[in-house]
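In what comes next, subunit A is part of two complexes: it sits with subunit B in the first one and with subunit C in the second one.
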Partner chain A sequence: MALALSGCNRRQSTFATFGEEAAAIDHLALVMTIGAVAVAIGVAALMIWAMRARPGALSLRGGERLILIAGGLLPVLLLLVLLGYSLPVMRPRAVAPADMRIDVTGEQFWWRVGYAPPGGNPVTTANEIRVPVGRTVLFRLRGADVIHSFWIPGLAGKMDMIPGRTNELVVRAVRPGLFRGQCTEFCGLSHALMAFDVVAMEPDAFERWLASQRQPAAATAPATAHVGAALFSRYGCGGCHTVRGTGQDGAIGPDLTHVGGRRTIAAGALPNGEEAIAHFIRYPARTKPGVRMPAFPHMSEADAHAIARYLGDLR
Partner chain B sequence: MGVWYTLTAFCFMLFAGVLALIMRTQLAVPDNDLVSASTYNQLFTLHGSAMMFLFAVPMFEAVSIVILPQLLGARDLPFPRLSAFGYWSFLLGGVFVLGSIFFNVAPDGGWFMYPPLTTRTDLSGLGADIWMLGLSFIEVSSVAAAVELIVGVLKCRPPGMRLNLMPLYAWYILVVAVMILFAFPPLIAGDLLFEMERLLGWSFFYASRGGDPLLWQHLFWIFGHPEGYIIFLPSIALFAMLIPTFSQRHLLGYPYIVLAAVGTAFLSFGLWVHHMFATGLPKISLAFFSAASQAVVIPTGVQIFAFIATLAAGRVIFSTPLLFATGSLAIFVIGGLTGVMVAIVPFDWQAHDTYFVVAHLHYVLMGGTLMPLFAGLYYYWPLVTGKKLSDRLGRTAFWVLFAGANLTFFPMHLSGLMGMPRRVFTYPAELGLGGLNLASTIGAYLFAAGVLIVCIDLALSPTRPKGRRNPWNAGTLEWLAMPESEHWGIRSIPLIETRYPIWDQPDFMRKVDEGRFFLPDAEEGRRETIITTVLDARPVAVVRLGTPSFLPMFAAFALGGVFILTTYHLYWPALASGALTLALVLRWLWTTAEIPEKPCKPIGHGIELPLYISGTQAPGWWAMFITMMADATAFSGLVFGYYFFWTVHEAFPPPGMTGPGSHWPMAALALTAASWAATVGARAANRRGLVTTARLLLSGGALSAIVSIGAGLAGPWLSGLDPAVHSYGAIVWVIACWTTAHAAVGAIGQLYALARSLAGRATPTHDADIRNVTLYQHFLLFTALVTWLTLGFFPGVA
Partner chain C sequence: MIDGLHQRIRALHVTLWTLIVPPATWASHFLFSYLWAAVHCAKTGHFADEPAVFWTGTGLAAIVIVASGWIALVQARKPGDHPPHNEGTEIDRLRFLAYATLLLAGLSVVGVAFTALPVLFIDNCR
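So, the complex of A and B:
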């Protein structure tokens, strides 16, 4: 199945698997598709035969036998086989205490991400998820405001994020690469624009990256060196956003401590870059209708760009 | 009335189709900005809601109201005024809901309306109320029509038509109407909780106040899944009528088909969780619901293969209706197979809420609802108008529709698995989904062209000459209809001995036309039809049908006023409209169960039947019984809520919160029981001629019921239970209000029976009113038992 579609972009496709769970389901899908095509052709052929058969081609007894065998017995057998084959696929992988835990909370319309490595300090980021290849990862999924759903097609099936509940999803990535995930439970105006990048990394690289994320922002971009840092504070951005190490510690919006290192901004809605950030700061709802972030239409172009440059340097 | 009903539903379908075309245009290319996110969300919400609530279900009911009397050789259904009430409710509710899009306030939370997105008043506006209240109104009218259809099938069959001789369409009407009866009420219960939360701030779905968003999902899908079969089975029913005609032989496997239909209905109520596979429920229950979902393949397979076997055994006559039927079966089979795929839990984790599911459900609905409806349209058009539709246009339309449907929906399987979620107003170019989406959009326009051809064919129909009677040479009763049909329907009501009387009973048509069967004349100039027994259709009475009246329309508008005014938070006018509804309904009821001028009348062949019946033989009793079954189902939805909250909380009632105690609930229960006993006593006394005793008992019963209201509400009131603080208080209050409101209706019923007795409209021998009121009291006693025992004692047991 994947072969026929190899020409397409496959960052968010169930055919381009990079996790064991998604691969098992892809295999299941292939088997079921073959079966479904066979049954469809069989029924169609039978129907054409029935239309063209001479009158009385089927006796009363023959007809009743056809109904009971083709309509009753055959489906029972086929479905029993299918259930026996498919149900084991849903058994979740076992999780050990030493496995990585990642907390993801869906919020209108972005993702709050927290890494809780066994024995290490937790790290908070947003709108980007990185997983180590070959290691079991437990996602703990929550919904902050409304119901969202967490879906990384290449890695595993989806799981809802429901306010008041914590759902778990266990995965294991098997090859490194850059992928994409998206919200799949309708969650309001910008539901379509609630995506995230997924980076599967070799374990060593992942550990290095996690260590760098744990650092405060000051280590990469000293606030004193930036006019943007002062503007960030002056416009009150810190009321909602955190930039660790600079005293800006709002917890309403995404953590921006290392925002410059992400591939996209605004939950996958825009490519990361000075121009995009400056535009988003002034008119966020033009990119994402219904966004909670207020617009800053009176902020000067220069100020917006200064802040954008500062944020871009937070790697 | 049925024809108007059908036409209105068809127009709503066209409207919803146009909404879909706008959506497909928006999605034709990536990153399109033809419509805004806000408009798009309104479009898909309204498209789904309208197709489900304003097209598929009402269309089934409308078509059934048109052809059921003909199928049964009856003059009309037992409650023509109830049909009228249902139609006006439907029209008003439909215009109200659909019209909202022109004011940019249409519902935008999806047809499934998941809270908390839709219950938080800061995240959703008037649209959510319009959805809840407008569609609740429609649901009431759907249930009303279902009552009418069930009583019609059970009590208005022609003499001799035992259950096993019923045309299959009548069987399916029975099955589907019963499904409506049990499927819609849980949603109505859900709607009630939903609006209590939105309008009054009671807590059912907010996790922070002890609620749970999943409660809504359970209630919604307990309705929503059977809904899928409610709109699919009628199409199978149409096939079951037209396939024997075009095979020129009896349908093979009649008993298997009936069993399969009943089995599908039964299973469909045990599948709802397969819409919730990704909500994190325990794996073991997912496995159970997966297996149950697979099991529904078996009855469906039996029905499809019965058609194939019939075609193979018979002499196939190719025709436009048959072309539509076989084409839609082919489409349906594909939808069924993808249905098996999504019923497999792990696969569903990938496919759920993606375009794969959009493809699946549209294959099922195209093949299982819309295309079969066109088959039925081409088949039954001569029955209604006396004219055939054009074969040439019909075939062209079929192929355009067939190609359009496949081109639209087949690529969606792929776009879904390639990462396209549902309900997105746009998608980025980088996902590589542009080509597939463009194909779907072209397909949608092709499909629309096909619908247009059908419309043109319909529009040309008035210019064509009338054809002959029974143009397809069918064997079932409905084809007795004359091209120049008389006002009073069938000439005489026949004695039925076979399933295909026109084929198998000698000289059948001639005997009917010459009035050689029953009730050939209406000497008193009244519209009459024969009532028969439920199982073996022995004639038991002749009933006079209601004449056209404005009362049902006024009642529908007044009831609509309640819902619409509540939407705009105009509570006092809404209350006034409610009082008006009550007055109109009572006025309307007052005209029913009249005492005839003579006790009996001959119907021919030396048979004389009474003109008045009461109790279990009477249509009115059955209507009450069926309505109360629906009512009890809605109530059980609320009780489900109570026990659902108990299972999701460690302590329920939560620590520090006291319930209503057990004294007040027990007092309410005792008073309701007294009211019940008084009514039962009144019925017995009236039967024995002790009219004064009966009147006294009815008065006492009403008084007891009214006092029970105070006792029932005193429990939660005096213990200071606040419904806005925690789900416990909210669910206790809502159940207490439900039951006391029912006690109030019970008291009105008792007073109504009293008034009828005083007015001389109810006597010891004519006691339909008091018997129906007694039946209501039986259900009320059951409701009160469950309510007051749960509220009074369960907190102590748990």
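So, the complex of A and C:
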């Protein structure tokens, strides 16, 4: 069954793991299921035996002994074994000061992401998380407005993001690939549309990617070549969004410095592309009900596309 | 000496209150464990290397439960009234309550042990 289920979805499944923590959970679930099935079969067998036994098949003493052993000692021993097996699995791996830290804040209905590499400058992005394969990563999880929950099923267990608290989750990816995470605590109208892409990369590629994310947009895209840049500024998008290197430094919405390099936009709600961005920026609530970005219905189709082309070039 | 103790124990007045001593101790230990871990982690930022306070509390809980279990065992073994009698007697009541207390004490010891295991196995604030 595990195979059949994981066949449905290899990108977001607790059965298709790419991290050590999720693999341990997967294994634990298997062991627990076998244990539960064994207990159920044992109890059912006893029950059938009890219903068929003729009266007096057990002496009073014998009956008491059966209850003591099958009803008391055996369950305690079995639970002890399962507990002794599961508790060490729940123990988080150790984190060294040199390990990568990634700060993720859940906001209605998107993810603010900050990489804090040891000894390097922090890097801010949004709605996409990349992790180096074979390295320990510490996620520091926070909630900005209401409680959200951070879950990358293939990587590790889920962890709540609670305003005013920092919860920590330690993971290690073991297999590169493209995966998906999802908010798993109902947080408002667009809760179901609050997802993110997860990319597990070889450490070298990860370092290169991180270095490119650290660059301001101006270094990668010739802002002057774009009418879109001017429109972005004119429509006041910079009041909420940052595009590093262009003087646009709003911090209310997602950092758009390298938005063109993401696979999806609006927290996994739409595939990235000129058409999708142009549509989203004019009528964001049509894609995400309750979204915290205002609509721009007066914006002309042409302006929307110019901005979308500009944003698409920010890689 | 043990005989004298047995006599004294059998003379104890048993009520429903004595019955809930083991599970109440278990519940208190449960609360204590959570509070201890939360306060310790919040104050020091890391898990205790030598959780002396925790093991003292756990030992105390175990002692209370085992003691009340032993008292219950002694009481449950008190000889019943001679027949014939048609209704429950004082001693029947005592023996019933004592036996129930004994079973609850057994359960509570297991409960306290299972509650304490994470400190041994997880010892982590994350």
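Everything below uses one rule, namely that the second predicted complex is superposed on the first by the 277 of 315 C-alpha atoms of A that agree within 3 Å, B and C clash if a C-alpha of one lies under 4 Å from a C-alpha of the other, contacts with A are read in each partner's own complex, and residues count from 1 in each chain.
Criterion: contacts are C-beta pairs under 8 Å (C-beta built on N, C-alpha and C of every residue); 3 or more make two chains touch, one makes a residue touch a chain.
Model, not experiment: these values are computed from the prediction.
S.K.: Quick one: is A:Gly72 in contact with subunit B, with subunit C, with both, or with neither? Answer first, second, both or neither.
M.R.: Both partners, subunit B and subunit C.
S.K.: Touching A:Leu178, do we find subunit B (first), subunit C (second), both, or neither?
M.R.: Neither: A:Leu178 stays clear of subunit B and subunit C.
S.K.: Of the partners subunit B and subunit C, which touch A:Ala98 in the superposed model: first, second, both, neither?
M.R.: Neither partner.
S.K.: Which partner chains sit in contact with A:Ala192 here, subunit B, subunit C, both or neither? Use first/second/both/neither.
M.R.: Touch partner of A:Ala192: subunit B, not subunit C.
S.K.: When the two structures are overlaid on chain A, which partner does A:Gly84 contact: first (subunit B), second (subunit C), both, or neither?
M.R.: A:Gly84 sits against subunit C, while subunit B stays out of touch.
S.K.: Look at A:Val227 in the shared chain and tell me whether it touches subunit B only, subunit C only, both, or neither; answer first, second, both or neither.
M.R.: A:Val227: touches no partner chain.
S.K.: Which partner does A:Ala211 contact after superposing on A: first (subunit B), second (subunit C), both, neither?
M.R.: Neither subunit B nor subunit C is touched by A:Ala211.
S.K.: Under the stated touch criterion, name the partner, subunit B or subunit C, that contacts more residues in subunit A.
M.R.: B
S.K.: Which partner does A:Glu168 contact after superposing on A: first (subunit B), second (subunit C), both, neither?
M.R.: So A:Glu168 meets both subunit B and subunit C here.
S.K.: Tell me the contact category for A:Trp49 with respect to subunit B and subunit C: first, second, both or neither.
M.R.: first
S.K.: Residue by residue on subunit A, keep only those touching subunit B in one complex and subunit C in the other, then list them.
M.R.: Touching subunit B in the first complex and subunit C in the second, residues 72, 76, 79, 83, 87, 90-92, 168 of subunit A appear in both lists.
S.K.: State the interface residues of subunit B toward subunit A in the complex, per the touch definition above.
M.R.: Listed in rising order, the residues of subunit B that touch subunit A are 36-38, 41, 109-110, 114, 116-117, 120, 123, 206-208, 211-214, 252-253, 256, 260, 278-280, 283, 286-287, 290-291, 294-295, 297-298, 301-306, 308-316, 318, 326, 329-330, 333-334, 337-338, 340-341, 344-350, 352-354, 414, 417-419, 421-428, 430-432.
S.K.: Using the touch definition from the top, list the residues of subunit C that touch subunit A in their complex.
M.R.: 106, 110, 114, 117-118, 120-124, 126
S.K.: Which stretch or stretches of subunit A touch subunit C in the complex?
M.R.: On the subunit A side, the touching residues are 72, 76, 79-80, 83-84, 87-88, 90-92, 168-170.
S.K.: What does subunit A use to touch subunit B in their complex?
M.R.: Interface residues on subunit A, with respect to subunit B: 5, 8-15, 22, 24-25, 28-29, 32-33, 36, 39-40, 43-44, 46-47, 49-53, 55-60, 62-64, 66-68, 70-72, 74-76, 79, 82-83, 86-87, 89-92, 108, 141, 145-147, 149, 151, 153, 156-160, 162-165, 167-168, 180, 182-193, 268, 289-290.
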